[in-house]
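The following pair of complexes shares a single chain, subunit A, combined with subunit B in the former and subunit C in the latter.
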Partner chain A sequence: MFKAIVSAATLTSALDSVSVLVDECKIHLEEEGLSIRAVDPANVGMVDLTLDAAAFESYEADGGLIGVDLSRLEDIAGMAESGQLIQLELDEETRKLHIQIDGLEYTLALIDPDSIRQEPDIPDLDLPARVVLEGKDVNRSVKAADMVSDHIALGVNDAEEFFYVNAEGDTDDVHLELTQDDLIDLQVGPAHSLFSLDYLKDMNKAIPGDTEVTLDLGEEFPIKLYFGFAEGQGQVTYMLAPRIQSD
Partner chain B sequence: MQFAAFADQAATIEAEPADLEIITHVAILFEETESDADLERVARFVQGRVFPAWDSTKLDIGPRTCYEAIARAAGQNVSADDVETSVAERGDIGAVAASYEFGTQRGLGAFGGGAASSVDDLTVTDVYETLEAVASADGSGSHDTKVDLLFSLFNQCAPEEARYLARLVLSEMRIGVGEGTVRDAIASAFEVPADDVERALQVSNDYGDVAVVARTDGVAGLESLSLAVGRPVQAMLAQAGTAHDALEAWDLAAVEWKYDGARIQLHHDPDGETRIFSRNMEPVTDALPEVVEFAETISKPIILDGEVVAVDDAGDPLPFQAVLRRFRRKHDVAKTREAIEVRPKFFDCLHVDGEDLLETSLTERHARLERVLSRVDGGGEATSGQWLTDDPERIEAIDADALAAGHEGIMLKDPSSTYSPGRRGKRWLKRKPDVETLDCVVTGAEWGEGRRAKYFGTFLLSVRDGENYETIGKVATGITDEQLVELTELLEPHVRSESGKTIDLEPAVVFEVGYEEIQTSPTYSSGYALRFPRFIEVRSDSDDPDTLERVKRLSEQ
Partner chain C sequence: MNVEDLSGLPDGAVDHFQSEGIESLYPPQAEAVEAGICAGESLVAAVPTASGKTMIAALSMLSAIERGGKALYIVPLRALASEKKAEFDAFERFGVTTGVTTGNYESTSDWLATKDLIVATSEKVDSLVRNGADWLTDLTCVVSDEVHLIDDRNRGPTLEVTLAKLRQLNPALQVIALSATVGNADAIADWLDAELVDSDWRPIDLKMGVHYGNAIQFDDGGTREVPVEGSKKQEAALLRDILEEGGSSLVFVNSRRNAEAAARRLASTSGNHLTPEERADLADIAADIRDISDTETSEELATCLEEGSAFHHAGLANEHRTLVEDAFRDRLIKVISATPTLAAGVNTPARRVVVRDWRRFDASAGGMAPLSVLEVHQMMGRAGRPGLDPYGEAVLLAKSHDEMDELFERYVWADPEEVRSKLAAEPALRTHVLATIASGFANTRGGLLEFMANTLYASQSTEAGRLERVTDDVLTYLERNDFIEREGDEVAGATAETESDDDAGGFVSAATMAETEGAADDVELRATGLGHTVSRLYLDPMSAAEIVHGLEEADQRPSALGLYQLIARTPDMYELYLRSGDDETYGELFYEREAELLGDPPSEYEDARFEDWLSALKTGKLLEDWADEDDEYRLTERYSVGPGDLRGKVDTAEWLLGAAESLAAEIDSEWTVAVREARARVEHGVREELLELVGIRNVGRKRARQLYAAGLETPADLREADKSVVLGALKGEKTAETILENAGRDDPSMDGVSPDATKGGDGGTATSRSRSGEGGSSNDEREDHESQASLGDF
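On to the complex of A and B.
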């Protein structure tokens, strides 16, 4: 059983943050809300998303599991204006999702969850440094690095207490430092890791500029990047494995 | 089996110049492959194939997609353009892939997260399953998924593995292993006669399956393999020849019209499906609803060999380009069907109602064809005629009729010959009209200028010399603007690399080219050049360009 009414903006934010990594996903319809976990085909970047029942106008579910084609569902959600409400209802018999937006009715065929790539385990990481900053600063860092390179180094200088971004191109370099004053919060610790911008650019697309984003970092360790949406009733966590520094 | 072990043996095979030794190495590889699943894959991988030839699952990865994946796996600041530039310099994607140091992207698995995946080395199964996922990705976003998956494979590769993975991905293994090599290696590894392996390969069209059957059930297993309605086999092919050659060799010749159409193989089961395949065994069922409708009136399970010909409103044949417009179409079939009508012309019958006919004679097969189609509405019209004669003048007359009816000329076939799938033997001859044209494969192009800047403008022509292609000239005249658009669309999927305005193409499309004279010339690698070449049309015999030998002969006339 699954029946819910949700604002188009909330649903779209949730779907977009997953679709930057995968085309299809499993959605767990739990009593207390829905959750999605997915990893990209190369097993490098993963997303863990939860959206509480409280984020919905109304929500009823009893622990089902559905598989969806994300771009389809995004297209349908895109038919609604951001203030509009979307009604979702699962037909258990036909395994189809009935979607209503105002007078528009759409019946979406679901995908067999068994045919979708296995859900990832969440690595248990003990990351020594924590950086809390505004989404627009993440955006600025990624954009600047992308101008010169396809890799980005993120780190924390624990002696001088600042967070930095480095990108080295064939000819040009980019360096950005953000101190305690520029950040919302900084817990210093030894941290320096190199990441592929291919992934970080995609993840960045899902980060709203005015959101508080937390980055947990270590030395040559995955980054854990998380933020809330839907007035704090939704939570997205990304994890991205590092690249080995060649020099 | 570890993919590294496969790559290692592939390197040994590639380094071996002697054919017999190559067979021995391939046989050792087969013997040492323990599981049946791996043997099936390895028997295909050595030929640069991932899926069986009959399988409609195609890898279909363009060079650019592969370059993107390699660039991403290659580490900091290597772009797909860099990879393309290296390929243009070295001429081998394998050497380029082997020159990078992969594996700098770590996976979440190394940190106790992500999906369960082997942290161990890449296996043959890993490669196969990932490529299967690549082949099945479609729809919006599928390009990114394909790059992601290929990237994940390259990222796990040591240089030697990367060399053969890249070649496998682009279906150009180039280690000197052909179909005959695999046949002989299966025979040698599992101690079965090569002829039995050959027959089994012809009917099943599946090197992997045949290798496994030979190992587990020996000769008896191979003998039990047969044609299956719905599983395409390779088409029998013809050589160029003359009426004189034919009558000298066989006394009596079976003469048929040669249509300027596209080869099709029709599989129809009245209790099951109707499927149509191109000569490359690609499914073209959906593109040819007229043929499906015709087939559905046939009451027995059959496999037929024939051509589809495009016709105008008066029923007269249109050139091959018109058929192409229908053939590769996936969308708007109904609309194109209204504009261009196609008709089937069947000339051979491989299977009727549970009986394989490959081993019966040409005349007997044609009689069976006539019998099956005589019971069907329009069956006479869809049966290509066959005349038996020993009279050269009669052959001339049939040829004249065929040309007058707007077709290409005639085929001459040995009346007693059996059907040999995939063979270009001397039992079928195609007689070409004596005009000064050459069938050249297009191996390069240049972007046009001015209002033609978005299209290819000049085409580099080559002829075949054994396994290689040698250039012989460039053609830019005789092509209308409309044709340029079509030719560009036709050739773009075959782009290997681009540098400036020059494009390197994989040999896939054959042009019929007219010329005034063949001259010796140092400009082109064949040593010859065409004087005043002009484009005539795209040839349907896409894998059969003229040979350097024929060019030599023509130049001496």
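On to the complex of A and C.
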């Protein structure tokens, strides 16, 4: 049983943060909210999303699992104005999702969850450095790096206590340093890893400018990047594997 | 009846019970004593949970021991074995020793012979019988706890046959069967030639009811107002209500996930009813919980526990469970959300029991199926702590008026189901008939049928001749596969022989049977060497037949894939499902590698068999890929299985190949070595060349590959190699030191050694090497000296 009413803005943010990595996903409809976990086909980027029941106008579920085609669901959600409400209801018998937006009724065929990629286990990493900053600083860093390179280096200088962003292109370079004062919080530790901007750009799309983003970093280790949305009732965690420099 | 009036117990036993606070016996216990349990009489005690069944068992066993005998207590779950052992260890004070055995099959545990009282699971007892443990004949008293589990499709037949065998072994055996209240306790008593105590007496009043809206309706017509405020859940309201009058609560739900979620939610209610001292004590226990393991579950449990709420399910470590159960009994934890495992015998009563979910997912029903009355009554029976609560309350939850009516009909007013034997299912019978012959319980068809007549199945069966018919089918099957042989029937048997030869199904017609019956009943049945081995290995005879046949057909050394596919075909291995598209993929693979497969391959037109072979091929291919050092995450991905499923397949394969090795030796197959090698490769998940290295402790498949890549190919190389090379291959001084020590090097110290990775043995190259087969194309986009890592590398 699943029946919920949610604002278009909340649903779209949730779907967008997953669809940057995968086209199809499994959604767990738990009593206390819904959750999604997915990894991209190359096993490089991973997302773990939870949306509490409290983020919905109303919510009822008893622990089901459905598989959805994200782009189709996003298209439908896109039909709503951002303030409008979307009503979702699962028909257990036909395995279809009924969606209502202000009189518009849509029936979405679901995908057999067994045919969707296995959900990943989240690696248990001990990342020494933690950076907490505003979403707009992440947006700015990624955008600047993208102008010159395909890669971005993120690191923490633990002697002088600042967080830095580096991007080196063939001709041009970008460099940004943020100290304790520019950041919301900084726990220093040895950290320097290089990431593919292709992935980070996509993840960045899902990060609201006005939210608090936490980055956990290590030396040539995956980055763990997490933030809340829907007034803190939703939580997204991304994990991205680094590029490894062998020399 | 008072405890001091009891006679026939060891000296000191009465004092012991009095020191435990037991002065007088409960009515069902007194009834049991009057029925003669202290004088060796058998008894079936069908009484509600928590009305003193263990005491009935203890009195029977102690008096049997006092008479110079030996007692066995059969438990249904391993977890219960340790609980019972702890309970019986107290008898040591007056000289009664207790041993426990639940572990590996295929051993006789002779040390148990020195104990007075032995606690074991039914599977273990069955295996002890098969392996001929001598001390079994010394038993004078056997207690079977939760005997109603004979009704269980999977484990019931083993318990049933085990009891029948023990009784045949010692005809004077005293059998004490403890059962929940079931519909037909008298039938069990008839079967066991036992007295019956069938009582619904409880030490505390139990009120059963259904909560709907703002009140509980009780079975006696009473009501109790428990309002549900706003968006609160019913179980939260019921918890608050009982906490306010000083009680505690157990909430039964239908899955592990739900148990955890419910515990989390109820924590906000229980947290409001904690004193500062309780909070401090709970914080200590939470710290202990976190110490046990650093898994998510452990953390989750500790967090809930700080608020006086906990969950309990089979996924918890034993230490977790013990801490939770103890803290609940100490009344620190106010509520436990549990799956039905907690109802199965562990002693944790609460004033109010809430059965929240009365349906659970059942794959065989294809969806949610209602719980049995027996199960729900078992849960409800947990309500009320003797001596602490004035009453117990068990409540089901209804969401509508109709549901409330249904729950009353279905559970509150309903009688529990009857226990029915599940022995006549063929796989169960196949295994048990062979074991019965192999362990010498029967050596003629007549004797076998006589033995079968002593089972509950025979006493319940209404269809005349059915047991005899399936038994004959099974005998024919066993004989055809050389697991048993019939002797001394040259004259009469000759006809039977020709007859069954003509008839491929081996089904002896009624006419033939009538003709030869007189003689056939006396023909000696004997297990062959092979049959003995199969029975001892605890293997389904059909699995053994498949393996033996496959090995015999092989005219050249079988490949690993061939062996993996072979064992995957046996009923002891759950095959992977073929998903859509798989029949094509594995169909192709089938033709490509048909020559490697063992046994008679099916033709494409034998649909069912062909599909079975393909599923087995998929399973076999998974094992081959694993043994070819593919990464775990790639395999789970490729075959859409969880890491736990992969480990499960590997463990089963290890066991079956171990069995296959014994079978190969038994039939003098020349392929014993090939089987052993295939087993070692699947055990460690490595190619042949690493087998020596993985023999070293702390060297797994990854490290072995790294060492090998650095030119260190055997333990001997490790003992002599330049330390800087070892360190370069392994990364981490501590690891390198430990491994050198385990390889038997005299001077494993790594002080002052710096790594030398020039031999190409560092982790990076090793991984890229093992993936070179499939990762080739991704190298094109590689620039400079860097490459994209994958999350699976961390």
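Going forward, the second predicted complex is superposed on the first by the 245 of 247 C-alpha atoms of A that agree within 3 Å, B and C clash if a C-alpha of one lies under 4 Å from a C-alpha of the other, contacts with A are read in each partner's own complex, and residues count from 1 in each chain.
Keep in mind that, in the parts below, a residue touches a chain if its C-beta (ideal position, glycine included) is under 8 Å from a C-beta of that chain, and two chains touch if they have at least 3 such contacts.
A quick note: this is a predicted structure, and the numbers were derived from the prediction, not measured.
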**Prompt:** Should the pairing of subunit B and subunit C on subunit A count as a clash or a fit in the superposition?
**Reply:** clash
**Request:** Look at A:170 in the shared chain and tell me whether it touches subunit B only, subunit C only, both, or neither; answer first, second, both or neither.
**Result:** first
**Message:** If we overlay the two complexes on their shared chain A, which of subunit B and subunit C does A:83 touch? Say first, second, both or neither.
**Reply:** neither
**Asked** Which partner does A:103 contact after superposing on A: first (subunit B), second (subunit C), both, neither?
**Response** neither
**Request:** Please work out whether A:243 is in contact with subunit B alone, subunit C alone, both, or neither, and reply first, second, both or neither.
**Result:** both
**Request:** Go through the superposed model and pick first if A:30 touches only subunit B, second if only subunit C, both, or neither.
**Result:** second
**Prompt:** Between subunit B (first) and subunit C (second), which does A:118 come into contact with in this model arrangement: first, second, both, or neither?
**Reply:** both
**Superposition clash, subunit C against subunit B - the stretch among 1-9, 613-621 or 775-783 that is involved** = 775-783
**Item:** Residues of subunit A that lie at the interface with subunit B and also at the interface with subunit C
**Value:** 39, 42-46, 117-118, 120-121, 123, 125, 196, 221-222, 239, 241-244, 246
**Request:** Flag every residue of subunit A that touches subunit B in the complex, lowest number first.
**Result:** 23, 39-46, 69, 71, 117-125, 149-151, 168-170, 196, 198, 221-222, 239, 241-244, 246
**Complete:** So, in the complex, the side of subunit C touching subunit A is made of residues 255, 257-258, 261, 264-265, 579-580, 633, 636-637, 640-643, 764, 784-794
**Item:** Residue numbers on subunit B that touch subunit A, as the complex places them
**Value:** 72, 75-79, 101, 103-117, 133, 137, 139-142, 145, 148-149, 151-152, 155
**Item:** subunit C-touching residues of subunit A, taken from the complex the two chains share
**Value:** 30-32, 39, 42-46, 63, 114-115, 117-118, 120-121, 123, 125, 194, 196, 220-222, 239, 241-247
